[in-house]
Amino acid sequence: MEGGPGPRIREGDCAVLKRGDVFKAVSVLRRRKIIFEKQWFYLDNAIGHIYGTTFEVTNGGNLQPKQEVEETTTETKEAGTDNRNIVDDGKSQKLTHDDIKALKDKGIKGQEIVQQLIENSTTFRDKTEFAQDKYIKKKKKKYEAIITIVKPSTRILSTMYYAREPGKINHLRYDTLAQMLTLGNIHAGTKMIVMETCAGLVLGAVMERMGGYGSIIQMYPGGGPVRAATSCFGFPKAFFDNLHEFPLSKVQSLLCGTFSAEPEEIPLLEEESNGLSEEKQQETEEEPAAETTMEMNPAEEQDTMDIGAEEVEFKENKEKENKENVREKQIKQWERRKKLKEAAALLREKNADGLIVASKFHPTPLLLSLLEFVAPSRPFVVYCQYKEPLLDCYTKLRERGGVINLKLSESWLRNYQVLPDRSHPKLTMSGGGGYLLSGITVILEQGRNPEVLKVEEPSSKRCKLQDLPC
Amino acid sequence: MPGGNYKIVTMSFVEYGDTIKDGDTAIVFLGHESMFPVKVQHGTVTQTKYGVIRHSTDLIGKKYGSKVTCSKGGWVFILHPTPELWTMNLPHRTQILYSTDISIITMMLELKPGSIVCESGTGSGSLSHALIRTVAPTGHLYTVEFHQQRAEKAREEFREHGVEHLVTVTNQDVCKNGFGVSNIADAVFLDIPSPWEAIGHAKSALKAEGGRICSFSPCIEQVQRTCLAMEEYGFTEINTLEILLRVYNVRTISLQIPDLGKAAEDNSSSGFDSSNPSQQSSPCANLQQGTVQFKSGVPLREVVGHTGYLTFATKSLV
Amino acid sequence: MEGGPGPRIREGDCAVLKRGDVFKAVSVLRRRKIIFEKQWFYLDNAIGHIYGTTFEVTNGGNLQPKQEVEETTTETKEAGTDNRNIVDDGKSQKLTHDDIKALKDKGIKGQEIVQQLIENSTTFRDKTEFAQDKYIKKKKKKYEAIITIVKPSTRILSTMYYAREPGKINHLRYDTLAQMLTLGNIHAGTKMIVMETCAGLVLGAVMERMGGYGSIIQMYPGGGPVRAATSCFGFPKAFFDNLHEFPLSKVQSLLCGTFSAEPEEIPLLEEESNGLSEEKQQETEEEPAAETTMEMNPAEEQDTMDIGAEEVEFKENKEKENKENVREKQIKQWERRKKLKEAAALLREKNADGLIVASKFHPTPLLLSLLEFVAPSRPFVVYCQYKEPLLDCYTKLRERGGVINLKLSESWLRNYQVLPDRSHPKLTMSGGGGYLLSGITVILEQGRNPEVLKVEEPSSKRCKLQDLPC
Amino acid sequence: MPGGNYKIVTMSFVEYGDTIKDGDTAIVFLGHESMFPVKVQHGTVTQTKYGVIRHSTDLIGKKYGSKVTCSKGGWVFILHPTPELWTMNLPHRTQILYSTDISIITMMLELKPGSIVCESGTGSGSLSHALIRTVAPTGHLYTVEFHQQRAEKAREEFREHGVEHLVTVTNQDVCKNGFGVSNIADAVFLDIPSPWEAIGHAKSALKAEGGRICSFSPCIEQVQRTCLAMEEYGFTEINTLEILLRVYNVRTISLQIPDLGKAAEDNSSSGFDSSNPSQQSSPCANLQQGTVQFKSGVPLREVVGHTGYLTFATKSLV
């Protein structure tokens, strides 16, 4: 594909809609109404265009490629240096609501309307640049309907989730995720253990970085792994061949050698729901007060949108399905058992190249057990939204031994506005992106641990390094 | 409790009083940082979401810090005004300075009772009230505001707040006309769009033996020009800084203990086949099933990311 | 003094030496050798000059006023844009050590030496501006001996202590102290309670802001209040007239009405040491590993410096003193008792206008008891180096009731380098300046507290304000 | 434990090996972030403060992560190299990028296996190693360094680290001559004094359908010019940010409980004369005398305050 035209938007793709800084993950499907940033439209016309194309929403919700790609701000050269002459009397806009409505009805595009609003504002030229900017932004948001369709990536999806549904990803900020991927030395060809309850976002990020090379064992609580966000990445099918899952509830038995994937245990598993419905349930639990609904999972989206059209077909097939169901269930159960055994075998080798934890659970028990599966001289990273559990985890890991270079950290992120003569840090920022505890495994020797603990705890009075290298 | 032994003092932002009196500006505290100022007046009523407060019976004569029950049964606290409460509640005529910046400005300008300080612009008077509080009872604030309406409003507020004898409000352009005083100020504060145009005026307002200056600007380009101007005018110890407040919510957090299952099928945990059995057996025995609770200071999701850069400098002895 | 010449440096003054960003508090005394930033000199020649004067150290440690006040950087217009051409072979400086020594012996001033070093560096012009700056700074520090004598202030002393002996002030950063003074609404005419173990720095800051108007009750642990830093402010004597002290160990008895300042208790007080020696003891405890010694307390400085000269006199007077001592002690005891009673009376009124706590102790018991002495509708502020104790304090205060607008906060401080084309935040910054818990007292009613507790704890799910205004 | 079953793989920074082999670059970990890299060679010895390490007997054939006892009895751990450990230990030929910035750069440039990425300058190769790790095994790094000596040293390191097939080092001035490739890159990274002079070259190195760019600059003035240049060349989503790492030391803190004395002279506490006796009596009963211990994550006293501004942008589809 080098040098050639970029990849095109195809039906069935997982894509991301972008408007300004706002993202939304969607499935590209025909005759499907999408609502995004209070605009509704259909993606039909986007199919066949190259990823990265910018569209304008026209009458009837159709997408029309924009000629000039300019997400630049409507530039205005004149600006007041201060606002000493502004008296706000509510009469500064000469265009009436009716005027604006008339413009819209005439099919005048949003950008043009904003320009007219500026020209008809009596106070705009006297406003400071800052105030002008604010005004334009507000008006653009209201009247322009421009969206760009881009390919999903960790950058986009982690930014999107943090902005729109932080509760679903335990408030894991994108830069913290970036630290995890680097501290974990995630790369092609490794064997990674991932334990997350971040809607599958962390799993997806790890998969992206491994590019289909190597293997991943996803540890999951409850009935099945949650991969709503993972599916938004639009990975090729092959990426899932070496993605395994293993239930957290079997970790202890695996560690002490009593684990079995045989049928007598399966009913227990069956009582719980399958991956998909479990997923829905979990998400509801986590974020009961979610204000906006997102189409995180393209499959889900389809289900809810097309219920009317598909229901008829569904009923007709019901009886046939019932018979097939039994046989299918058996096959599925057998397959599941096989996969479970495979995952268990992978873990039993105890040679994973790393461990990534980002969950809503207390990290200490997870670390103490899952580190058993990791080879020596490999990195591990644990995320927690709060600092206190990681203090505990740190202490317990020091007691356990077999880990060095433990580091508890947090990252600060500052975004900037860089504009001629108006550069400064953004006026709002994230209050916190969560905490990380990272370290490196070493071969665990016996008996020395309490000593090690004593040494590692930093003290302002220590002047030279001790003889114990932990 | 009310009635009886309260002494009559004129209410002032620079002097605490014990009881609420006619004419006072008081703060009605509704809870959770929700509050508003009220001008106490015989016969007046104030509407709150908890119902009506009748000034004559509910406020006047009560002690500051009292709980007042409103007509619908809800209750509020009535607080004595302070410059800090005023900053949280004042009517915004402009962007205002908040207490975090005000704190460092006051300290870095070395203000104390008796200091003479110049300020421009007055804006909504947020900083002005704090400055007056600090330089009272023997100091003075000269504040210059180019916007006439704002200058007048500020004068009115200072009068209402019992501090008019400590402040002189001038309505002029500081960049053109300066502060209207020379060689008397211990400190000068600038919060104007082009501070570099006022550095010369600031210098001549300051005492001959020297003093401190501070300029507040949101944009780094303003800072760059201001620093150059300060250097040009011979200021030393030029120092730019930024201060941000991080507020933490105190929360009780419950974290679930993950269910890692039992080691054996149906008898108790039999230990891991680990290389370190002594340490390792049942690593989370005391945590099995359930939740762990702890207190945490949780940052707000979105916080103030920037207010402005503060540039301080010293007018040295020449 | 308005418009006239500034105050002059007099013998006996408390002054601050300043070199670049480094401060040192000293007593201005004749024939007293001062060591500051590896330079030694005498202050004799400074006496009579105006505060703010800059001096150069000349031969024999004499101070000579500098003609041109310029702490500007040695400007160099030429700079390389990158360092591609620099090969570091250790031969870039053409001046030898002997050359430099010769310059110094000739009495060439530091600034001149630095300029010569620059001119004789073959790589200087090719260095980036950043590297040039670094070079100049390093050399200036080594060869220039310029100091400015300034009047002490909270700004200077709090900056000095934080930079040089943070252990003595519980790592209270100067901007955090600034917040305390503002949040506490410290101003002239108030009655403040101060409980600190910050060497008296916080007390001094409060005294400066009160300007001698109003009264202060300093609560102290152990045998007497520590005021080493307070004495560096050089306050006029009158400022101490309304400064009272009260021992923490009498707080409970005062609160329950069993307090007595009568003689039977005094021996207990006497066994403990007086203010000064207690002070020394405390400081040693706090910072055993202090690297640099500071002349925080001018009195102490004198003691150690002049031991040889004063010892003789001291011995001669010893006998006479012994007799006088008994009488003096009685008078002192009587005075102390009187002051103790006065302080107790002030506290008993329970109408303090605020409470400031900044100590090495757990804040909770301090707050719970000392708040009893504060009038309603008054601010209080507690500093702690750690966040955890303030979480506890917050919780206990909510349970107690009688406080509103509780806020736990921290401030971030960033210093900037602003230079043409080279502006950025400073490359190092303070990791933390400690935490503050602040609030406002209200009239404490009975019985409602548990409810209040429930309400105040913020929750992300709460959408509207509850009916209880705490 | 050593000997026996180790497989022979060429050591590489992009592929983990189990055992230490002749020719490997390994990390000797002394404790407390004190470590250094060592080139493993039969017959060689390495001096540490704990004594000598003999490569033939102490290292070769041992597993990575092993504890090795030095001649004086002290011991060290031998670690498999990773780009992150390399960043902490590499010989500095220039100012280097650290893992915190590298992390966000990698994510924001959307790098993954197969990505083609251009970089200038190579510098000490800190970022280069991390980039190569991420784009391996099917991607490629084109790195341009104007300083000849550095370019050669980088080539040598890449060879030693088994990644030379994944990287092309060019010794030229990127501002004049660009990256030497066109329309093939998914991402471009700039860490040069005048990034604005290389934006055009960056654009032509990027794929026709678009890609991402990042510029790292310590000073805001560089950022301002770079942003203007990016806008001029039609880049969109221009976004400047700064990331700082805060490391916390985990410490056990003891705070003393203040001695507030006894309520009565010589019998036990009799409660306060407080307005709220139920809550108030003996408020710190369970704290009386002694200390409270707790764990705390304590920030270092002085930390990194700034590394540089990162400006990201997208080359849009034209």
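Per-chain residue numbering starts at 1, and chain names A, B, C and D are given in the order in which the chains are listed.
Basically, a residue touches a chain if its C-beta (ideal position, glycine included) is under 8 Å from a C-beta of that chain, and two chains touch if they have at least 3 such contacts.
According to UniProt, the chain labels map to these proteins: A, C = tRNA (adenine(58)-N(1))-methyltransferase non-catalytic subunit TRM6; B, D = tRNA (adenine(58)-N(1))-methyltransferase catalytic subunit TRMT61A.
Small disclaimer: the values here were computed from a predicted structure and weren't measured.
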**Study point:** Which of A-D and C-D has more C-beta contact pairs
**Key:** A-D
Review point. Counting only C-alpha atoms to place each centre, which chain is farthest from chain A?
Key: C
Exercise for review: Report the inter-chain centroid distance for chain A and chain C in whole angstrom, where each centroid is the mean of the CA atoms.
Suggested key: 47
**Study point:** chain C and chain D, separation of their C-alpha mean positions in angstrom
**Key:** 37
Practice item. Using mean C-alpha positions as chain centres, tell me how far chain A is from chain D in Å, no decimals. Key: 23
Revision key, fill the gap. Expressed in whole Å, how far the mean CA point of chain B lies from that of chain D is 39
Study note, to complete from the structure: Where chain B touches two or more other chains simultaneously, the residues are 220, 246, 295-296, 309
Check your understanding: chain C: which residues touch two or more other chains?
Key -> 387-388, 414-415, 420, 423, 425
Review point. Which bits of chain C are touching chain B when the two form their complex?
Key: 2-7, 50-54, 69, 71-72, 153-155, 158, 174-175, 177-179, 181-183, 185, 187-190, 208-213, 351, 353, 375-379, 387-388, 390-392, 394-395, 404-418, 420, 423, 425, 440-443, 445, 455-459, 465-470
Study note, to complete from the structure: As the complex stands, chain D meets chain C at residues 94, 146-147, 149, 192-194, 218-222, 246, 253, 255-265, 269-276, 278-280, 283-284, 287, 292, 294-296, 298-309
Exercise for review: Give every residue of chain A touching chain B within the complex, in rising order.
Suggested key: 81-84, 87, 128, 130, 166, 171, 221, 247-253, 255-258, 260, 359-362, 364-366, 368-369, 372, 386-389, 396, 399-402, 414-415, 420-432, 444-447, 449
Exercise for review: Spell out the residues on chain B that touch chain C in their complex, using ranges where they run on.
Suggested key: 1, 14-16, 18, 29-34, 49-50, 63-67, 74-80, 82-84, 99-100, 102-104, 106-108, 110, 112-114, 116, 130, 133-134, 136-138, 183-184, 207-210, 220, 223-224, 227-228, 231, 234, 236-252, 295-297, 309, 311, 316-318
